[in-house]
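You will see subunit A twice below: alongside subunit B first, and alongside subunit C after that.
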Partner chain A sequence: MSAYKPLGGRLATLPVILGSLVAMVALYYMAQRFMHGLGSVANINQGYPWGIWVVYDVVVGTGFACGGYALALAVYAANRGQYHPLIRPALLASLFGYTLGGFSAFFDMGRWWQAYNIFLPWHMNLNSVMLEVGLCVTAYILVLWVEFSPTLLTQLRQRGLLRWVNRFMFVFIAIGMLLPTMHQSSLGSLLIAAGYKVSPLWQTPLLPALFLLSALAMGFSIVLFEGALSTWSFRRPSESHLLAPLSQVMVALLVAYLLLRGVDLTLRGAWGPAFAGDLKGNMFWLEQLLFAVPLFVLASKQRRSRSSWLFIGGVAMLLAGSLYRFNAFLVGWNPGGNFHYFPSIPEIIVSLGMIAIEVVGYLIIVKKLPVLHSADHAKAAA
Partner chain B sequence: MKRREFLLAAGGAALATVSGGAAARDNRPVLPHAIGMLYDSTLCIGCKACVAACKRANEMPPETEMKDWAVDLSPKTLNVIKAYVDGSGLAKDHESNGYAFVKRHCMHCVDAGCVSVCPVQAMRKDQTSGVVSHHPEACIGCRYCVMACPYDVPKFDIHNAFGQIHKCQFCNHRLAEGKVPACVEVCPTGASLFGSREQMLAEAQRRVALQEGEPYDYPRLTLDAPYRHKKEAPIYQQHIFGEKEGGGTQVLHISGVPYQKLGLPQLPERSYAAMSETVQHTLYDGMMLPGAILAGLLFVARRNSGDHSDDE
Partner chain C sequence: MSNQWLEREKWFDASEVEVRTGINRRDFLKFCTGVAATLGLSGNAGLAIAEAVTNKQRPPVIWLSGQECTGCTESLLRSYHPTVEQLVLELISLEYSETLSAAAGHQVEENRRRAMEQYKGQYVLVVEGSIPTKDGGIYCKVADKTFLHHVEETAAGAAAVIAIGSCASWGGIPSSGPNPTGAVGVPQVVTDRPLVTVPGCPPNPYNFLATVLHLLTFGKLPALDEKLRPKFAYSRLIHENCERRAHFDAGRFALEFGDAGHRQGWCLYKLGCKGPETYANCPQILFGDVGSGSWPVGTGHPCFGCTEQGVGFTKAIHALAHVKNVEPPAHFPRIEEEQGRGVSAGTAAFAGALGGLAVGAGAMAVRDMRKEEATAQKSDKAEG
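Let's turn to the complex of A and B:
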């Protein structure tokens, strides 16, 4: 008997209806993009070839989607089985985040009808960081679907297939821990080739290490965030007892991250632009502040045992990781010449639409499929 | 398995592979038969005949319907003449109260960033001539080449539903017919000169060594062409742009005003392609490191996944 149960209940709730509306407007603008070109919807230009469809939807979005990765490391690599009840919901969020990140990368491609070239061995350029990201993210999306498949197979009562999938599941779990390690660090490596166009505040050979650490921190904090949200919105009992020890891992990650960042800036002698008093310098400090907030919250035992504090810590950490990635790719970007970029409203709506599809999909699936752990349902009923 | 044991095993494997892994990737060398172009800003009179000739030779549309005043490279313009002006703007090739021209198009880097970053080999460097060419039939439109080009050369046509990257291809269709690039052919003063990179570099070295006012026999088209004119040498910057910048370029610039004033970037001698590939190949050399990590992960996943599986 499975310990996971569908939540049940009404599907057409207010968030689902609103989310669907946003998604529909987003699809309208996406159709415009396919009919009239990227420039008809997005504000990208010759100096800023990558806008928020790359930087938010793919670079930040897949960071948000690292919950499944971070928890898998905690459960399997560190053998902390008590986190297991959190895995399915985290996996579902990762599945949506990565699938839509992959979809965004596709509709941002200028020559999408040739996208399959990246999978053809005679086209591959093994020196390209983009090739690594493209292949590795695609592979991980497939692995996530396999990892999530038992949830679906249980519901469909496909016992034979389920047993077969479970027998080899450890292989997918292992690959599912390796792939994000590879492509999350590569997302940072993408910028090394851009050289002087990335401000020295963010341009460093340590980009892959910093992106990996930020992916882990974002992964753990999205688990805190989702845990708190599902506790409140579905009136489920608090998962604080499970979430609190996770936050200790986050403290270690945050300290490692800030140390690495400080040492790197010092060794490269790159602190100068931080004190320029311009947008880049100020955003750099905002980014550091956002990293310091969760450290302050989570370092205290008292604070991290309260779900409200955990929520604040999780949100601050998510913002910190996102801002780091936004800064590295967009705020710290200086192509020279007279180029400026700020996303257009339709461009933002398309990105919001991706988030809306994720939220609506998540809400419907936890009600229909056995995703949330029923040990907590039992407590809720009691 | 204890967490510590796992971390030790994984860390050990990682260290073993990294330390035994690939050495830093050096700049790629100049190809022995590399072709080249020398642009001498002090000879350029800003007539833009090269801009028009480039459009004709490459069948590029005008910037706007009725007139074509290209101010920068774009999906419609592969070659452009820009001007530097300071103060009164009267003295040619003077940094203060002067003006100077600069010609911008693909520099055909010796160690090209666009070639290094393109995931599908749509940017290729010819292994004989060294020409960096773009191949739209391979391109997926990710625009990583636009991100990685230190000279902002590749331009993606974002206002076209089926757009593509546009950039100077060194007129390789003309080279195949034994002709010189269109911009060189029409240049009335020899500001754009064609030859081997070796010849162009030697010519550039001769010119920057000239004393101010020293008469010099400037050729048109190529070094040995019969079309020449005598002119007194200006004061050259004591630096040849493209000799070492970012690993070197096959299009070289010499000028009377500092290169940064002309909008050319300041670049380290090590190419960004070499930096990026060093990081990437250190991590992925022979897939040793990922392989070692995967082996460790397979071990712990098999060991630890049974305990918690709730579907058994």
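Let's turn to the complex of A and C:
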């Protein structure tokens, strides 16, 4: 009945074993964090309360996890059913990205035992951007689980429950398109609230628009990245014919993004710091360069048809989106005073562990659950 | 002030002073009270001073001048305090003064000899200027005798000796290197008489006046420190009461004459101000009776330590003072201290290694993808 099939095969492959080892070291440091407090593991301080656990795990991580959001827009909002074969793996990646992002936000909280107060209406500050992000991300995590549940229910042969879930699925799909639009733009609004602490190279009223555009571009590029990588590593037939049109959408998004960025910097008269020759200025140019690479790669029809180029374009876009977020949240961040921040090794390992858990989880689930489209079907669609 | 004081004041008869000095009773009492305040004494002492001043028995004074510039006398005469110099000259009996005596030559010398005999053991000797001692003291002679001889001879019959100015107090400018005349202060020459030194170049006239009035009123010298300076004037560093002290404590220093800090009245320590190692009351009583700011530091020049032996005329004007109480640190702590940990070699290496690993893995994947694409193309062509 379903065109999705578990991949099957050996579970204990080298990536899974290595990934599990990294995840275990990360879990050790996380235990340290809960026993001895944030300062024993992370370098975050009063001036830099957002370290990589927020900037990478939450801000960049949920950007990576926008694959489900981007494809849902393409499939359901734009009614392009031909991309449906890509949606389950994208959803799985989103599920991991958002769930672990939410968990990271939790263990990054100084007083995590107070976290439940976010959900108590009488404690809510409705003017807070942070509340919007917190509630919206939490809601989206639940929505993602519901969206992914048919995969699990099919495998568990829960026919009745499956039918019931599918009947209301359209509601969750609709909410699932609304929520990331809200919180991905709100991640930018967080920085507007930070005011002059953010360098003029990144501080702009257009931050929400820029964050949303870059999130969509990152969402499509994670689909390219995963598609190219799973084709290659699982020796499946190429999905380039499906991915190439998506990369065209990315080109449009990138052009819109870069235009907006350039016009914004010009109108605000904020080009000066870009030529200061300091870390901020240089990182700004590196960021623009990384945005130009996928534009260059994906603008050509010939390159779009080759999965190696799609992979390069996707990775460059992911790096560009990540660097934009890192720059806006950390490099361009000046809290005043003499504050310094660079992540400690345990801090990096914890973030690395989050990635490892995602990769290992993904590898195991695609082998056990019907996530990837059957190879024959993909070929037939071509 | 007690009723007793008011009673005494009411019946105090100043008519004799009024006639003698030409100032009215009210101003006279105000002056005496002011002097008492300078001395750090109570209001009662003011009346005691008034009573001492009205005493007809005026103490004879012999004023000797040695190696000096007469600046001490000049500043004393030009102190604007109403009629003070008049009062001093009237309240004491000045028997000998090279600057002020109308007589000259043998006549005035004769008067000094007469006074020394007549008031033996009662007169006050004031010495102005340093005393040359090298080669038997031949470098300063008055009336064919060395100044050293004059001081020794006059001090022998004096009730008390007052050394006015830095030259008389510790040698002053003539004693600073190379000191060709072997100049010394009075304390090195007169060791067996009650002696008080009032250093300064020139000393504040009120420090001298207050000392004299204390002597007249109580018949003894005021409390002295180990360098024989009256404690009421010399027990505090200039630095302690300086109006620019807050700038010193805050680390705000003028670094050049006329720079932004100098124009804003910042501390002159780094221009060589010797206030931190000089004991004097300049910032409290000022000079010239013209109001605030009328002292060297107040006008923007660093104190050069004129009252202090080993500082004034000895240390270079712009050399840093040795701060006797709290030395300022070479670097002041920042308002905002370094916080948080930046990048270390270890974390940079770790992050770099991870980045390298990711780039390497990506490059290998791309290479492999290219290979597969090439073989797929070949097989497509073969099929086609």
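Heads up, the rule we're going with is that the second predicted complex is superposed on the first by the 374 of 382 C-alpha atoms of A that agree within 3 Å, B and C clash if a C-alpha of one lies under 4 Å from a C-alpha of the other, contacts with A are read in each partner's own complex, and residues count from 1 in each chain.
The rule is simple: a residue touches a chain if its C-beta (ideal position, glycine included) is under 8 Å from a C-beta of that chain, and two chains touch if they have at least 3 such contacts.
Just so you know, these numbers come straight off a predicted model, no measurement behind them.
With subunit A as the common reference for superposition, the partners subunit B and subunit C occupy clashing space. Once the two complexes are overlaid on the shared chain, A:340 sits against subunit C while remaining clear of subunit B. In the superposition on chain A, contact is made by A:117 with subunit B only, not with subunit C. In the superposition on chain A, contact is made by A:308 with subunit C only, not with subunit B. In the superposition on chain A, the chain among subunit B and subunit C reaching more residues of subunit A is B.
Of the two partner chains, both subunit B and subunit C are touched by A:46.
According to the touch criterion, the shared surface of subunit A, contacted by subunit B in one complex and subunit C in the other, consists of residues 44-47, 336-337.
Contacts from subunit C toward subunit A in the complex involve residues 334, 336-344, 346-348, 350-351, 354, 362, 365-366, 368-370, 372-373, 376. Every residue of subunit A that touches subunit B in the complex is listed here, in rising order: 2-4, 34-40, 42, 44-47, 49-50, 75-79, 81, 84, 109-115, 117-118, 120, 123-125, 127-132, 134, 150, 154, 162, 166, 169-171, 173-175, 177-178, 181-182, 185-186, 189-190, 192-197, 205, 207-208, 335-337.
The part of subunit A that touches subunit C in the complex is made up of residues 43-48, 228-229, 232, 238, 306-308, 311-312, 315, 336-345, 348, 352. Residues 1-3, 6, 72-74, 113, 116-121, 136-144, 146-148, 150, 152, 155-164, 246, 263, 265-268, 272-273, 275-277, 279-281, 283-284, 290, 293-294, 297-298, 300-305, 307-312 of subunit B are the ones that touch subunit A when the two sit in their complex.
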